[in-house]
Every structure is written in C-alpha cells, then in structure tokens.
C-alpha cells in the first residue's frame, strides 16, 4: 500500500490539510474529503467538463488531476463562487437566461465560463462557444448557455 | 441577427402563466447545492462496482472471486449464482402478442449476451477498492458466435442471440389501417420506394445512472435513491423482483442529471443494489461510469426499413407500406419491444394517407437493449414520412411544400382520425408552415440557394412538417396506467404545497407548475412549493416521459385546485352566512357581492380550516385535495422546421446556415422553458443527423464506449436558431397544453437530413444513411463527380 | 474512473527525476500535464507502480528568445504557448497549433513536453514541430542530447526519448508570418483526423502532417514539388498538396477510413499553404 | 480484425521454422513475453506484458501451433486475457525462401475485446501491426 501523502490545499479560501492516497483524484478529494459535491463527474476521459474547477485561477478538469498535484494550490469550486451570498455574475446569467435544465453540467459550465470571461471580458458568441468546447451539455442545446455567458459579460461591463 | 425573444418576467407581475419566468429550481443548481444520487452520503455506506462482460456472447465456464475477496476493504464479491434467486427478473412492461422473451436476470447466469452484461459485483469500503476488486475477479469465458446486425439476424443460419428461443425474431407486429392497401397500390400511377436507416444512438445524459439503497432491518423498509425518470413505476415493479412489499418501499429520484429516456427504465442495478443493502445490512452505493453508461444503459433507434408509397401522378398519396426491422439488442428492457410499434402510430405524419400497412419485426442481437430514447418511435416515423415526402416530390417533380399542403387535414377536420388508428386532437398545420416560411424568409432562402448553386456550391434547404404524440396517455393505450396524480394542500400559514406524481429532471416543472398554481390559487409564486420525485411524499404517480409532465401532471393539479377552491367556498359561504353559489373567488379573495362586503383571504380561511372551530357540519378540517387525471386522448403537437445547409465539397463538412423552428405545443406556460426544450431537442437531432452513432464491430465489441469515440454536439455545433410558435389549444385538457419535451428532436432530424439531401440533389444523390458524416458526404460527392 | 495504486514522488530537479527514472525503470511514468496519462490510468490501461511528478521542477516552464530561435521549457502549458506574444510575433505556428489542442481546460494543464513524448499519432503539435524543424533537448543518465524533429517521432506512441530520459526544452526557429496549421478534427475527441502544418520561408516550404499515419511525418512529396518555385500558384499548390499522403500507410478506424484521412491530408495541406500565403 | 503482414528474416526457411516452434526462442522474441512454458506438444502457456508505450497490460494465455508443414507453414492460435480485455485469434504463417532470407507472410484473424476494443479503436490495429513487426524483427536478430 503506497504511503499517504500530506497535502495542504486552499479550497474556497479555507485551508485544508489531509493525508491522501496518491491515487485520489482531485475531484474525489473535493467531493468526498472536503464534502463539496457541487463538482460533478460525467466521464473518465477528460471530455465532459462537469468536474471543472479553478486551480490557481485557471479552469482545469479536476478528474484529470491527482489531489497530490494540487498540494499548495488554491482551488475554487462552484460552492466558492458566490460572495456573501451574492451570486457571481455568471451564476446570475445562467439563471436569467435559462442556461441550465438538469443542472448536472452546470457547475463545470459556470466555472469554465468564469475563467473564459477572466481572459476575455467581451467575447463574441463564437468565442463563447469555442471557449466552452470542453464542457458537454445534453439538455440545453447550448444556445441559452451562450446567452448566459453573454449576459454575464454585459453585466460585468456595466459594473 | 439573434435577439432574446423572452425578456425575463418581473416575478411580482401576474398572471404568471404565459410569461418567461426564471426557474425556481435554479438557485440550488447554480450554487452547486443540488443533491444528485452520487452526492448522497449515508453512515456506513459501502460502494459497489460491477464487473461486465468483455464478450458479446460467451458461456461462463467459471468465476473465481478468491483474489478479489482477499483485498483489504472488500466487503463482498458476488455472482449471478449468489444473487439472481433473490433479485427476480428485469421487467418488460410492453404487451406485445406472441412476444418471445429471454429471462433477464440481474447478473449473468451461465452466459453473457452482450458486451457490458453484468457478471459480478464487488462491494468495498470505498469505490477505488471496489474497482480493485472487480479487476481481481477471474472469469473463464468460452466465446460463442455473435450476431450484431438485425438484418443478418433474421436470415436462416444466423447465430442465435438466445439459442433457447430458437430464433432471433422476438415478434412481428402488423399495423394496417384506413382503406384497402392492395387496392391503393393497384390504383397508383407510380410506386415510390425508399430504404431508410435510423442508426443506433446512445442517449448519454451527462449524469450517468446511480443507485443508493438503504434497508432498515427492524422495519423491513427499503429506501432506494436512483437516478431515474420513473420512481413510481420502479416502486410498482421492484417489489416483484426483491420481495419487499410496495408499501415498505420508498423510491427517491433526487436531482437527476438528464434522462432522455435512458432513465425511463427498471435496470438490473436497481434490484441488485437494493438486494445488497438488505443482504449486507448497510447502505450501498453504485455509480455508473461513462463507459458502463455507454455499454449498459439503453440505446435508442436502430431501425431499418423498406418503404413504398403509392401515388398518383398529381402527387396524391393513396397508400403507404412499410417493413421495418427493429434491433432490440439482447434483452427486453422496460419498453424495448413497444418503441418500434410507436413508430407505426404516427407513420402517416400530418398527412391524409388513406391506407397504410406496416410490418415491424423486432430482432434480438448481441448488443445492449434499445428502448425509449428522446422521441421514442416518433422521430423514426417522422424521419421516414418526411424523407418520403421529399423523395415523392422529387420523383414526381412537384414542389415539396405543395405536396405537403395538399395532404394536410384542414383545421376544420379536427378531431382528425388517421389511418394508423389515432385521432389527432387539434391542429393547424398550414399555419405553422406559413409562419416558418415567413421566419425563414423562404423566397430569399430559395434565391440564395440558387445563387450558391450557380456559383458551384452545394447548398440545400430542408423542411419537415411534423406531428407527434404527447401527453402519454390514455390508460387503455399505456402499459401500466397513463393517468397522473397530484395533490394540492394549503397549509395553515396559507403557503401552498403541491405534490405531483411526475418526476421532472430538467424540464422545469417546479416553475411551470408553480406558475399555474399561483395564478389559479391567487397566491404569490414564492408561496408555492412543488414536491416530486419521492414516493413517500408523492404517493402515486406515473412519472416523466413521453412529454406528459404538464399536460397530464399539470392537469391533475388543476383538478386539485378546483376541488380545493370548491371546498374553500363552502367554508367561505358558511362564514358569509350564505351558500356556495353566492361566493365569488377571484385572485385569492373570497367575496359575496350583494350578501356582504366582507372579504375573506386565504390566510384567514386556511386558519379556520385547521383550527377547525367554526366549520359547517359535514365539512372536514384541513384544506387539501388530490386528484387522478385520466386523459381521454393523447395530444398531438406539431410544427414546421426549416434548415439550410452548405456542404464543403472537399471535406464533406455540413454547415447549418439557418435554422427555423415553429412549434405548436398549445398555450405556453413559460415560453423561456419551451424555448429551452426545443433548442435542446434540436441539438439531439444535429447529433443524430450529422455525427452520432453507436457502433459495435463484427465481434460485438462496442467501439463507441466513451466520449472519446461517441460524439455529442458541443456549443460550436449549434447554429443560431430562429424560433417561433403558433398556438392551437388541445381540447384534451383544461390547460389546452400539448407537451414539448421531444418536439425538437422529432421535427429537426428530417429537416436537417432533407437539407443535406437537397444540397446533394443536383449531383443525383438520392440516398444516404444516417448519420451523414463528412466522410459519407465526401464519398457520395466523389462517386458522382 | 479509479486508478490503481501507485507511489508518488515529486522530484525538485531534473537530475533527481532522472535518478528516479533510472531506479524504477519500466515501472515509473512521468507525470506532466496528465492529460494522456491520467485518463489511461483511470481506465487502468496504464498502471505505473511509480508516478514521478515533474510538475514542481523549477524553470521548466518558459518561452524565451535565444539567438534566432525561441526556446520553450518542456513543462510550458499549451495555454501559455497559445497566448505567448513572443511566439505570436516570432514563430506563430506553434501558438496557432496550441489553440487547436483539446479545450481550454486541457490547454491549461497539458504541457508541450508531455504531449510530444506521448507521441500520439493524432496530436496537433507533431505536425508543427516537424514543419518547424524544431529541436528537442532531453536529459538522461547519459547526460543531455538534442533530438531533431525528424528523428523524434519513432512509431505509434513512441518518441525517440528513452524511458529514462526527460524532455527539458523545445526550440523552434523564428519564422516569417507565412505559417499555418489546418486541421480536421475527430468529432468526438477533438484529436486530428488530419492536420497539416506549413512553414513557408526563404528556404522553401516545409509541411508536417499529423493524424494520418502511425506517426506524424514530413510531407516530402509536397515539399519537393514546391522546392525552388518562386510563384506558388493555386494550381501548383493543388498539385503539390496531392502528394501529402503519398507513400504513407494511412490509419483507418470508425472515424475515418485510410482513404479519407489521406484525402484530408491533401485538402488541409492545400488549405494551410493558401492560408499561410494570405499572411505574407 | 484481419491483419496481413509480411516481413523478411535473414535466415533460411528451415531455421526460421525451427525458431518459430522453439519455446526458448519464442520466449525471447515475443514482445513483452515474461513467461512461456510448454504444456504439451506445441502448446504453451504464457504471460505477456504488451501494449504500446505506457499503455501496457499484462495478459495470460495459451498458444498452440497446429497445421505444421515444415518449413513452409504453420498456424498459431492464441487466446489471452488481462485487465484491459482479451485477445484471441489465429495466424497462418507462410515461409518462402527469398534468396538467403525468408519471406514470412502472416495472415492473422485477431479478436480483441473489453477496454482495448472500446477505447481508441484507432490504436488497436496499429498496435497489433507494430507488435507483429517487432516480433519478426526479434526473430531475425535472435537467430544465430
């Protein structure tokens, strides 16, 4: 049995210290060790994007990263997005524009969109679609999701 | 240019119905606070992993679980020999005469019949160890001959999927209706023949299936959380499998991450995990991997057919004959054999076709079962009739819209009996077509195509005018009751609790039902809560499928409200010292003009009902009503979809340049949600027409077992939609609503396919199997140029 | 979804990592961005005993000019390459290619060194690495050596990097703006069914093709047909591009037949040359 | 999956034939062969660690040589299974003298199942060819 590995991760601004098995995936660490089940698992080949979180501000697929690799990093999950109970602009956009149906892909969609808007504050519809290439949705047909990200971009621009 | 069609409504403005309101279910979901099956954590919970067959057909010589059991943390390793006697048979609810059905145990017995067939289960303290354990199980297989193609499977000498059944043919189902088909074909000037293929599809909800079971030994009660569309049907069927009585069984569908028919089933794992919880005296969780979802959750479509249309030279269609071979896979799941027969029900589409004859042959192959996938039968029928209309128009050189218009029943012809034996409730097909043409700027579209063709480009326009069957359905036409149940209770605080027997999983009925209830009861929408998906809360129900939620479930709630208001009026009359017929109820206020100036509001009345000190004789305390709604017919939404495409000659790539959909689902409770349903449905069709396909190789190996190899649409595959609607209420229910969950998928597949074929028509290409992949398009172009 | 057990080591230096590889031999795998290795481990197609995470080694992530070339640290992510102003200005092909890899999340984690060593026959970089005539530095127990791009992709999933070696740096020459990468993607995975990378410079045209065969390759026939030509007419480009898969044993699978892959190689080569020329 | 492969081994057919039926040579030349034991005349049990690059799996299985007609041809049938799935099939091997060397033609019918068939269909065919090529190259170099 491999030696457990001690990690220190800042998750949604809270310090977390745990001994973990090397094989524990970051997504399972977040869900099962930290109890943050908003990050979902939809595939095992790094394609669906439901598990997307921000690691040191960058969108990554937490199913394709071992928890040990996040040692020393700062992770933001969907649960850490709202501040003081106030929805993030992207969350608000998804709500306003019916950007979700079953909601399963939604946390990953939102996290990818947050990172997308951080890189490009005023994306075109095509750029939004391209930016969401790594996130699959089977319910919405994406059109309302693109509306949602657009809505968020405009809301942020308005301040 | 695209614009938002539906400004989101101010939540404080009434009426709520008909307005684009933000969803009530969203705040928890966008915060990551929804509880899906995999999010459940119970004390002492252990984790199951299932070992699945790598063979499409094999005899199991021996299973050695010794090494797996020795792994620290492993709780149990069990095979079919250990569990099947306690788990009954996986049920099929479809009543098809002379159906040959194999015994479907939860784990394989001495044979496996498809890749992904469950062979053994390991239970461990964590899912990693459970995975270690199934890897350590040694199964000795003796491979047997495999059949993977349904057309081959009906040939003499084919390997048999189930040798004990003696044949691969599960059933032959004949539908004929209307006039004499032979006479129709005798009178025809021409017989137009066409062969059409509906490829196998994998539904791929983003949340795979999952089950958590907990058994209370002392009480003998079982609680089963499962990612399902049908908690109530499971509660009806699971008792017969595992022996826990229905009234000691609670089924919960927590948040469910998409269904599309894939979760409209009773699966082996539901019985197996329940049994393990009982056997091991501890809660057990099983979560499906994507690979297992692709291999062992139902597939859709997989039908191939030969079709013949009898026509006069002026385009008049006299009759339609079809022979369809439906690939059922190796086992019957809940509705497997019924789905192809649904195709037969709307074979004539939205046209007057005097005589029809259809033969459906359901065939076993060594593949996963097919079953209801979004649209279930209607996309198949719509694709074939709409392709045939184009083929007929092309052969007779008449305009394809004229051909369609010529065969539409007029608005005055409704209720319209069809040759397939249905009675369409209401419709105005020409109006939808006209509106779609307007939105598409039809004449300009034709000019653009002509210009593109003149410039040597391959440009096409496709049209589909469809009708579908929704609001399933009248119980006499359904396998296990098509009614719906609801309950509306006004609490003592005047908050309204609504319980529905439908089980939404993305369709937004927490919002649409709240809109209906708030308007009818006259309370603010935030005072309404919709409960669903838990059989201990919603005691009865027939769940969510077949675009039935609002039309059937919503109607049950309307009936409850009417009963509740009638009861409230009795008390109001008592308080007004008059009779009920002198009480007026409006906007949440009870008055009695001419009797008194007093106004009674819900809080006062609700208090009286529960304090119960001043009730008239014979009036029961409490303010609650429940109802079962039994629909007298299905509803028949319809519409017109128009699609324009450009083809890249060099790469075969199809680009959708315009997409217009006009759908008539009756009055829309929430246009934003309707729009979402239509857009989502069209996306499934884009996938089906252009790239999705489930592929088994000749050895029966599933080679599209992951998102790496099975493509579903992504954001950049989606065109800008132009959506519109017409409103033709249904007379079948008091809301007039028809249903819209599957419309997009039913209307869009033929529109897109017809567009691609239209683009290829100048080259003389008249046939292409779905999906119309770049390589197929390129090959077709290459052979003609 | 659940990888098998492994031991995890996280060396701080390249030297330490090389020692670990030498010690564990075939049982060890390097972990870089993880986008090839981790999915394979989750499916248990790969089950190394020891995972050597070189993600924390300092100074393996950089993009800087050195003489006439741009040096890229092996652990530089696709996202950094895509966004690099230095590359966009001096050698834009690699940045353009990086923008075609996977998706935004994959590009944030995946590294150029990891991708190259994996030598996936349908990965995007190999076409450009070949067209750019890049050099790849590796360090192993026998010291440091430099591998030329043409020698790098040996066989299916096999690069010239030995199991005990680590890629440290990739160097690409500064080029003109007349470069392009054109790709047809496998619809499901986003990998290349056929990708063509083109560099048009004073020395001629260099073309790298990925996705078509067991390894990426230089399209020698195309290059030869265009060698010494002063005017790249559409007709000449078309005739030359027709050689894009000449003599190549094209792969076939459910996503594309060998014939279609070879055809797409030709089409994308032509389109890449045309696109590159528009950037002159 | 049908595979046809040709290779040239620098030795005459009788020596190549002898090598192909010699367990000791086979153990050294089959890519990834860890153990190979004879269980009867021309029947073997073997453990192979095969795959490409890091995607290696361990397979245990049986092989038998039939239809021997030295030094012209033989048929090798095999079945193996491991974590990633199973492989089974047969290969008809024909040896033809080609100057001082032997041309080896191999017509194989290979069935793979499980994960290896489900994942990366693109890679299976190519990997099988590579393994066969490696094998014949090894045979060539193993001959004295």
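A, B, C and D label the chains in the order they appear, each numbered from 1.
The rule we apply is simple: contacts are C-beta pairs under 8 Å (C-beta built on N, C-alpha and C of every residue); 3 or more make two chains touch, one makes a residue touch a chain.
Quantities reported herein were computed from a predicted structural model and do not represent experimental measurements.
The interface carrying the most C-beta pairs in contact is the one between chains A-B. Note: centroid distance chain B to chain D, computed from Cα atoms, is 49 Å. Averaged C-alpha coordinates put the centre of chain A at 28 Å from the centre of chain C. Chain C and chain D have Cα centroids separated by 32 Å. Centre-to-centre separation of chain B and chain C, using mean CA positions: 43 Å. Across the assembly, chain A contributes 21, 23, 41, 44-45, 47, 133, 135 as residues in contact with two or more other chains. Along chain D, residues 83, 115, 119, 121 each make contact with two or more other chains. Across the assembly, chain C contributes 1-5, 43-44, 188-189, 254-255 as residues in contact with two or more other chains. Two chains count as a pair here when they touch; such pairs are A-B, A-C, B-C, B-D, C-D. Remark: chain A residues 21, 23-24, 31, 36-45, 47-48, 50, 77-79, 81-82, 87, 91, 94-98, 100-107, 110, 125-126, 128-130, 132-133, 135-147 touch chain B in the complex.
Within the complex, the chain B residues that touch chain C are 127-128, 130-132, 135, 289, 291, 650-651, 653, 691, 695, 703-704, 707-711, 773-775, 778-779. For chain C in complex with chain D, the touching residues are 29, 37, 40, 43-48, 118-119, 121-122, 155-158, 214, 251-255. Across the complex, chain A is touched by residues 2, 4, 8, 22-23, 25-27, 29-36, 38-39, 128, 203-208, 255-260, 287, 289-291, 505-508, 672-673, 675-676, 679-684, 706-708, 712-716, 718, 720-721, 744 of chain B.
Of all the residues in chain D, the ones that touch chain C in their complex are 51-57, 83-84, 115-116, 119, 121-123, 125-127, 129-130.
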